[in-house]
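Before anything else, here's the structure in question.
Letters A, B, C and D mark the chains as written, and numbering starts fresh at 1 in each.
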Amino acid sequence: VKALDLISRYRTVRQRSVSLCAPLTIEDHAIQSMPDASPAKWHLAHTTWFYETFVLAELGQAPHDERWSYAFNSYYDAVGPRVERARRGLMSRPSLEEVLAYRAAVDERVARALDHALAPALQALVELGLHHEQQHQELLLTDIKHALGTQPLRPAYRDDLVRDGAAAIAPLAWVELDEEVVEIGAGDRGFAFDNERPRHRVIVPAFAIATRPIANAEVLAFIGDGGYDEPRHWLAEGFATARRDGWRAPLYWEQRDGVWCAYDLAGVREIDPAETACHLSYFEADAIARWAGARLPTEAEWERVASGLRARAGHWADDDRLHPRAATTTGLAQVFGDVWEWTASAYVPYPGFRPLPGALGEYNGKFMSGQMVLRGGSCLTPRGHVRASYRNFFAPTARWQMTGVRLATDRGSPPW
Amino acid sequence: VKALDLISRYRTVRQRSVSLCAPLTIEDHAIQSMPDASPAKWHLAHTTWFYETFVLAELGQAPHDERWSYAFNSYYDAVGPRVERARRGLMSRPSLEEVLAYRAAVDERVARALDHALAPALQALVELGLHHEQQHQELLLTDIKHALGTQPLRPAYRDDLVRDGAAAIAPLAWVELDEEVVEIGAGDRGFAFDNERPRHRVIVPAFAIATRPIANAEVLAFIGDGGYDEPRHWLAEGFATARRDGWRAPLYWEQRDGVWCAYDLAGVREIDPAETACHLSYFEADAIARWAGARLPTEAEWERVASGLRARAGHWADDDRLHPRAATTTGLAQVFGDVWEWTASAYVPYPGFRPLPGALGEYNGKFMSGQMVLRGGSCLTPRGHVRASYRNFFAPTARWQMTGVRLATDRGSPPW
Amino acid sequence: VKALDLISRYRTVRQRSVSLCAPLTIEDHAIQSMPDASPAKWHLAHTTWFYETFVLAELGQAPHDERWSYAFNSYYDAVGPRVERARRGLMSRPSLEEVLAYRAAVDERVARALDHALAPALQALVELGLHHEQQHQELLLTDIKHALGTQPLRPAYRDDLVRDGAAAIAPLAWVELDEEVVEIGAGDRGFAFDNERPRHRVIVPAFAIATRPIANAEVLAFIGDGGYDEPRHWLAEGFATARRDGWRAPLYWEQRDGVWCAYDLAGVREIDPAETACHLSYFEADAIARWAGARLPTEAEWERVASGLRARAGHWADDDRLHPRAATTTGLAQVFGDVWEWTASAYVPYPGFRPLPGALGEYNGKFMSGQMVLRGGSCLTPRGHVRASYRNFFAPTARWQMTGVRLATDRGSPPW
Amino acid sequence: VKALDLISRYRTVRQRSVSLCAPLTIEDHAIQSMPDASPAKWHLAHTTWFYETFVLAELGQAPHDERWSYAFNSYYDAVGPRVERARRGLMSRPSLEEVLAYRAAVDERVARALDHALAPALQALVELGLHHEQQHQELLLTDIKHALGTQPLRPAYRDDLVRDGAAAIAPLAWVELDEEVVEIGAGDRGFAFDNERPRHRVIVPAFAIATRPIANAEVLAFIGDGGYDEPRHWLAEGFATARRDGWRAPLYWEQRDGVWCAYDLAGVREIDPAETACHLSYFEADAIARWAGARLPTEAEWERVASGLRARAGHWADDDRLHPRAATTTGLAQVFGDVWEWTASAYVPYPGFRPLPGALGEYNGKFMSGQMVLRGGSCLTPRGHVRASYRNFFAPTARWQMTGVRLATDRGSPPW
């Protein structure tokens, strides 16, 4: 039964990657708008390469095309050399058509393998491949958003995405918690990435956390208050980055005839103050928190709050919106699924961390420097992909992910 | 009659741009492998934009899509702002299909205008547009060569290009000329770019010039003699560039199992020593000349030699080869049409130079700094596009053009 | 009594800064060999500026020269604009002589102020100024080491520094500790920087820690084992940095006739395998630990071990050695005072962290991103300046500080 | 007699280098404010190294200190490796004192050699060394001007320099010349650099040349007319450079309370409109000429005008002014000695150019790319150092030299 279930999930996940690309032109699939992003075609191929390399090769199967191992390796040194990251958008070959044929061929082989009583260790690798592919589905959306949203014509990804009308923003309130020893991290059962383990106890001092992420209204207030020009709100490196890169607002914001507008996957719209703010870097998140007299939560604080909730299918991954909702709900809200929430925690290993064996040990561990942890998943995260223990991580300068801000404070009294 | 002739030439030139792209996939059209190069799709659109901006707009016609004026302006400040050069490869929109429709729409309009007794000044602009488009046809080929030849799979542009078998290289001999006052530059009649005028007299001292461009055999000797490691052969800036960029051979050369091979538009082949050498920068050309005890010719020397010859249709632009021939002919040979020959002359205005009026004054004049003059056309230059007075120009570091070396010396005796 | 004591300590600390510069030529004082380092003259002036800005200005005293406020502000945005960091070495004026006169003038004024019953808040700022100056004394030594050790003649800072003869290296053994809830951080009494507070409890799981820092012998083994070429040992960003910057050994190591030598403040000597290894970046420290099957300790682990020891005057700051000792002692050793030990902890605020009020809030807090914590002080740290709770911090790429590696492991069994 | 004369000139030239440094502090000697500039100390040492390497070594004499050969080689590859140019300011050792002792020791040896009937070839190298040192005297002044004029305190080099009061600017008039075949370049007799030879004939078409260089009044008019913002006046690379580097006025100009001031070797003063304009790059010179409806002269045009004049000691090198005069003289004026005048000629070899033999062949020839020729000498050029045939050369972006603009036009009628 479980194998059947795995086949079924395999097909569903694999299909969704292709479906996500349906609105794209062939050229849209090919472009890489910055070194951090990858072309959609590359995502389609790399996720396929993963099964070929870590599952089919174990079964002794030759690769579909051995030259593609070089082309579609992302960062696994143990597997061999690879195309320089910033040059992924310069591979016009293989073509999209060839990549789709590659997907079909590998899918055929994986399905056949799953049919034939695949060893549990390899089943686990297929499982890992599905989670890997779901991560790439979110990246695919953020990368295509960057590719479309930074080119002159600002084309929409889709014209039929659902957008709310104006709504009343919920007041920002605070949930207060007392000091407690809590367990965080993933337990031994169920799927989790290696970086979520081992589960361990930490002391979490008393703190308060905001009921909702900040909304555009608060970002507008920060801008209006000269927040981008006032070094005292910022980490030194953050302010230097903001200066160097000319940050005056979140990514995708632009002024048109004096009005703040933003590009999202449905095109360019006027800013809705009630909408949950997104595309903020850690440095901006931290500066806004400081300006507000608050701070960002630690990942332990965040997980303590989230672990009591069900990381259930929110609105996200229904693929009909692909944008955060308005912040209209009172009470603790939007913990999962609108925006990845920056935490104050640097991405370092948990006590007793053990990377996966072999080349897959490079999956997470080797990135444990210079990045910050984000929690909660976003409106672009596939349904079922997020957990309370899930640790996402990006550089503090990253703005093209669906990232937002939930405030915390260690004083009992709210800062606003 | 002349208008009919212009329509006919218009159709021929315009058609060839599209034909040159026939072997490309849609993705091939889109990539920009370095800031100096442009995507094929961009070339197709920009050459069209030229007629729209400089001819149709004069007739009061609105642009096909006004946003494209921004997207496809190359460098005309007087016409308005434009997409940053290095970001041309990031425009997935308009799509190739839209660009081809744009071409068709503009062609229709230009043809109709030509049908209706277009004013001579505008006919001259259509004429200029054809020469402009022919320049872009050569760039299109060098740019697509760079795009394909620097990606991992090294795909051929065409499989059916003609390549010679091994041939005996002709010995390098010298033509000696006495001092003379010569006229160089284009006269008043016939088409020429503004930078070829005015025709004027210069004193050309006695010199000798090689009967043919250097071949791969000579480049291999330079390499074998440690030429890339010996600063005494090089201009200081050239040696620093070679070091910084790791030049060990001409562009597209690579060693495979200890054998020198090179990518050309037909794929990767072993080096043929008899073949005319190409893809050398000015700095390499100058170093090879110095190593050989010779120098590069000045543009006046070159033109003096060439003006007695017919810049007739050579083998080039038959589009069945797109690569230089072997250097097999004795006597003065290959002056036109195999490789652009670097001269020792910096690209500066001729005495009495007058740029074209208006925005077209930016066509040539504003690039008269930091570049060297090349002469003679190459195997990629469209048939009929080159003249003895034609001044091509590139930065001394440029290697992706079809550039080679003809030696000269001011001693009567040959250096080799 | 306390004021008297403060005057006396003020004079002692201030005098030592000048004494440290005694072996330097006037030109040595002036150079800045990289943006991260500062000229000795700048250190002498900036430490003086600190008292002038944060103490004397509070007393209403005009600055010695108001233009110097701009010149010698390090990074306090709240105090005003400042010279770009990388240009500190380009200020030939004021001259060393003027800077020494500036020091004398400010010392005179501070001493007079201390004589006249300075308010406790201002006494605390003088106290802070002394700790600040001690930090700069260590930086002064590392910066001058870099300036001298990277110039062609490799001049010694002093010829009379004590260096040990060959000694037998102590075997690397392990101290094992059980899980415990420990308190870390500085309590309310006594001087501590804001970043050491508040003291708070953390759960420290069972771990083992090495009895001594690694020695050159272990670094040589890492090099001999191809450690710098094996990406599997490294964090991804670390390996990329090592490649880009050509790291093949710790900073200051060079091969002379096939023998590893290193520059230290006494000149260039052959590597002594028994000597405590230094000038390793975090990335190298982490890679060496991983190669050894171990890891770096967290700052909580380190502090737990160190807090039982007396951070007493070790050999360091006797200023007769200024180099780590050989690792010859068995049992837990060298916790304080040979090399700053990289920890696995990112430099983030403690729970409940409150920066100092006003401009001094910029002292530490705004650097809490992208850096790693180091503990224990070094042979260059002034006597009395270090504490078990002391948190030093540098970027993971920094190598010019006196930084080394103590291994830890969460397995009970030692990895070697 | 000639040897005596050479000794006497040797002593005079050598002494002047030291005298020029007299107003400097020790630290002033040491700084290098940009890669193109060198520290004064380095100039003092390098000019000495020249005699040691090219004269004394020929006599079999060992170097004063063999390590300095590495430190003070400027760019002679044939002589061996050298300190990277941008790191000259990081050598605090040898100290100024040691360098002065080095000068004295070499002077002693050269004088003794000259006393003992030095071979004519070596006498010629001493002669070359003197011209070389005079070139460095001008560089020393421009480099120290840059070092002092770009640091925060803007210290004057000397307080006692002569500065004129306000004067009436002379109107800009034109000298018209008919076409002629002229000889340019240095003949066989007398000292000249290799790049001035051979003398050869060129056809110079009819042209007009301005009676004087442009003055600050004209630069102010260009600024006021938005010249720095109007791409149509500029070469493409020039406008891009101006944008990238934020050029809004000549180097050293700054606005103080809305008034244009400039730093010169006497300190910061308000701009005097009548003063000859200086510190303009080629790109600015060219843009100003185009804005004025004129152009820059070619070097042949310039030399034709200048060769009829006596390149006599002007006011310059009296070392009491070190700044261009006001443009107050009517009739052809200031051809020699106020500002180096940018020409429209790229720095390429003359027909038949032969570099000096051996390592000295690197003196000029290897820089013949990417630079423009300047003519006439400046107020900083040593007395007797300039000739009508003298070809100075700098990159078109260079602004820290004493460079100005004389207009020309090929129309008979003046553009203004």
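Everything below uses one rule, namely that contacts are C-beta pairs under 8 Å (C-beta built on N, C-alpha and C of every residue); 3 or more make two chains touch, one makes a residue touch a chain.
Given the structure is predicted, the values throughout are model-derived calculations rather than measurements.
A.B. asks: Using CA atom averages as chain centres, what separation in Å is found between chain A and chain D?
C.D. replies: For chain A versus chain D, the centre distance works out to 58 Å.
A.B. asks: In whole angstrom, what separates the CA-based centres of chain A and chain B?
C.D. replies: So the centroids are 46 Å from each other.
A.B. asks: Using the average of all C-alpha atoms in each chain as its centre, how far is it in Å between chain B and chain D?
C.D. replies: 37
A.B. asks: Identify all positions of chain C at which a residue touches two or more other chains, and write them in rising order.
C.D. replies: In chain C, nothing touches at least two other chains.
A.B. asks: Considering only which chains touch which, how would you classify the arrangement: line, ring, star, complete or other?
C.D. replies: Topology of the interface graph: a ring, with each chain touching two neighbours.
A.B. asks: Which of the chains touch, listed as pairs?
C.D. replies: Touching chain pairs, listed by label, come out as A-B, A-C, B-D, C-D.
A.B. asks: Given the complex with chain A, which residues does chain C contribute to the contact?
C.D. replies: Interface residues on chain C, with respect to chain A: 75, 77-78, 181, 200-203, 205, 231-232, 234-239, 282-283, 286, 295, 298, 344-346, 348-349, 351-352, 361-362, 366-370, 396, 410.
A.B. asks: Could you please specify the touching residues of chain A with respect to chain B in the complex?
C.D. replies: 25-31, 33, 41, 67, 70-71, 83, 87, 89-96, 147-148, 150-153, 155
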